[in-house]
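Pasting the structures here.
Next come two complexes, and both contain chain A; in the first it sits with chain B, in the second with chain C.
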Partner chain A sequence: MSISSSDTPSTYFTILYFAAASDITKKRSETLTAPVHVSQLFTLLDKKYPGLKDKVLCSSAITVNLEYVDVDESMSDEEGLVIKAGDEVAIIPPVSSG
Partner chain B sequence: MASEPADSEKGGVREEPNIHVELTHAHLSAQTIIDRVKSPKAGAVVLFAGTTRDTFASKPVSQLVYQSYVPLALTTLLSIAREVKSKHDLTAVSIVHRLGEVPIGEESILIAVSAPHRQAAWRGGEEALEETKKRAEVWKLEEFVGEKGVWRANRDGAVGEKVDETGEGNRQSS
Partner chain C sequence: MNDGVPDDVKNEIFAALRFGDGEVERKGGREWPLSGDEYRRYGRQLIMPEVGLAGQMKLKNASVLIVGVGGLGCPAAAYLAGAGVGTIGLVDADDVEVSNLHRQILHGTAKVGMSKVESAVLYINGLNDEVQCIPHHERIFPENALGIISQYDVVLDCTDTPASRYLISDSCVLLRKPLVSASALRTEGQLMVLNNPPRPAGDVHGGPCYRCIFPKPPPAASVVTCGEGGILGPVVGTMGVLQSLEALKVIIATSSEEDTPMELDEIDAQQQQQQQRKKADPPNLLLFSSFSKPMFRSIRLRSRRADCAACSAQASVTVESLNSGSLDYVQFCGVSSPVAALQPSERISVKSFAQLIADSEQEVHFGRPLAAPPVVLDVREKVQFDLCSLKGSINIPYSVISSTDPSATGPSATWVDELRRIPLDQALYIICRLGNDSQLTVKRFRELALDEGGRRRIVDVAGGLKAWRDKVDRDFPEY
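Let's turn to the complex of A and B:
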């Protein structure tokens, strides 16, 4: 799922939607404007896709550049990770391999 | 939902000495994965083959479709293989998961491990499977006859909830 950074304008990050997340967003990926605090990502996405938070995000994990990150919505803007331009973010719903 | 994979969704392989993990759209071959872990040092080879079943809660399933975040899933599979190899003193470990449409009755996952003796091979093989089902970033869409597909979860879904071993997410396949 490597989307080369040359395809992404310098103010945007890429977000990937898998499984149930892609059913609601009706897309597998898109670019969003950076920067965004990880703690605000769910609210931002739920505004764009009403119901996404309750149906998918609340049971999902988040990766930024292939690393799992903590999502704590109680954190203030000064705390926690900031998603930067060029980053690859993914919504990881509960997995079901096998 | 079951459209052709984009380039970025093609499978991939990660390898290191005596470890091979792979995601592929191709048919899985039991003989190939067995041959990959065989060694004159290993007296035991254990193979697990997970095949797709034709019903879920007595509803007819037409086929399964698997999706993955390939680079992350390969990293996860590689670390699972390393962990079980070291913990159970295995000779070699290979984990291969199929992606895309998997018709009923075909293998969606193969895990093969080899060890000097059978106990370690059984235990290592089982742990590799359980960890893969728990952690690998692969998602299964069950397509029912005449109905919309359902994305399964191997656990109940809600964060922080205890995994219900009899939960419906565990009943389908493998």
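Let's turn to the complex of A and C:
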């Protein structure tokens, strides 16, 4: 499966699902319509995958273009981070087993 | 020098004495910082500028703690021992099981039943007798964490629960130890170097801790272990090997200034600038996703969280709170809610269930079949069902059942419709691997009205296929 952002249509961003996030979405990646404010991302995904917010998103690390973003901090920040077309977002739940 | 002692005896004595930074082996009047054996053993890494003699001496004088001697800890311990880390501590309370062997490379078939730490010490001693091993045959708890971790320079978290991950991270912050944290499940792995540099709580120049990256633990019900989810040997092996690499880098990069902090007035402006640069260089989270392209992604992490419970100026995690037991890590991470209590009439023991099947296999009783064959629904995932299953059982994976919303309107799922077509006087017997998902299924079937208002019995086979194997059929495969 190719998940390089070069295939992404010009109005979409790519979202990658790791570990528990891919278990629930049953996907490793997909494309979603841009732009989306980071603070809106959880609501949008929870609507698409009921329960995802509580089960996965609240405890996950969220990255945009390979950079960790703090969703709580961007909630209070109106300027905040906007996910643009062509961006790559990743949902990274903590994995504890070994 | 003629002192009446033969040269070969002297060499042996000196070889036995070589320890520590300042002591050297003396031969032919020349003094060497490492023994001849050590030069030969570590030659291939000594000639690399990244290591060199100075790096090797740091490794020799370093002590590393490996918490968890499993899929991560085994390869990590092997490479650290091979590289000549002077002291390796190993923490694990478990014994070697045959299901460990596909990935836990220090243990072997002959060591099944032996404690993992003992097995690891045997392996390490066989690989490199220059390494001193310290076994800690116990699980890590708030009560013993600080006592164990304080004896070491660098810590590797190779454990397998969220609670131990937070505990080890908190302890490393309190004791100012760098932490190399890795994990793996199924086809994926994660690696981070945390609390590096290990500055005191509240010092923004210190590296972030586990709580900075994952402030909220995952809900207990969503935590999957390798026993439940599976793990591929080379995946967890890769993460363990990378952990040993990061530990070597941390040790070799350690400067003597880090050990003995200078007085403030000794630090000139230039060094302060260097410190500023350190702050501007947050660590990475390496993501390994072995069935995706690319396989590796490196995420730039954040610096310390200003409100972190462990490493910020307002930290609530203290030595006192840890020692007093007021920090309950198991509670913080939540306990998987005990499975829904079922009525006795909704459960059947494996023995009674076996009798039921035997009765249905008796062809006639006074000219009539004694009982119709029971409808057995196996709710394990398909891949497990394909490994082994009860004769005539039907597979509906729990993941399908749990994702079917009882409150949804519109046409019901195909599998629900098919179950409704089964005559009402036929009970549905639900079985799974251990007897947990089967109980949840009984509850969910009621919510989906598959009991038809109580007219159809839905029965949990208590203890699942594990109990079936233990009490009914010893030949049923265990996996």
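The rule we apply is simple: the second predicted complex is superposed on the first by the 83 of 98 C-alpha atoms of A that agree within 3 Å, B and C clash if a C-alpha of one lies under 4 Å from a C-alpha of the other, contacts with A are read in each partner's own complex, and residues count from 1 in each chain.
Keep in mind that, in the parts below, contacts are C-beta pairs under 8 Å (C-beta built on N, C-alpha and C of every residue); 3 or more make two chains touch, one makes a residue touch a chain.
Note that the structure is a prediction, hence the values are computed from the model and not measured.
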{"item": "Which of chain B and chain C A:70 touches, first, second, both or neither", "value": "second"}
{"item": "Greater chain A contact set [chain C / chain B]", "value": "C"}
{"item": "Touching partner for A:54 - first (chain B), second (chain C), both, neither", "value": "second"}
{"item": "Partner chain in contact with A:93 - chain B first, chain C second, else both or neither", "value": "both"}
{"item": "Residues on chain A lying within both footprints (that of chain B and that of chain C)", "value": "1-3, 18-20, 23, 28, 58-59, 63, 66, 90, 92-98"}
{"item": "Residue numbers on chain A that touch chain C, as the complex places them", "value": "1-4, 18-20, 23, 28, 50, 54-56, 58-59, 61, 63, 66-68, 70, 90, 92-98"}
{"item": "Residues of chain B touching chain A in the complex", "value": "6, 8-9, 50, 66-67, 69-73, 75, 97, 108-109, 129, 132-141, 151-159, 169, 173-174"}
{"item": "Touching residues on chain A, where the partner in the complex is chain B", "value": "1-3, 16, 18-20, 23, 28, 58-59, 63, 66, 90, 92-98"}
{"item": "Complex contacts: residues of chain C adjacent to chain A", "value": "68, 70-73, 158-162, 164-165, 182-186, 188-190, 213-214, 216-219, 221-226, 229, 231, 236, 239-240, 285, 287, 289, 292-293, 297-302, 399, 405"}
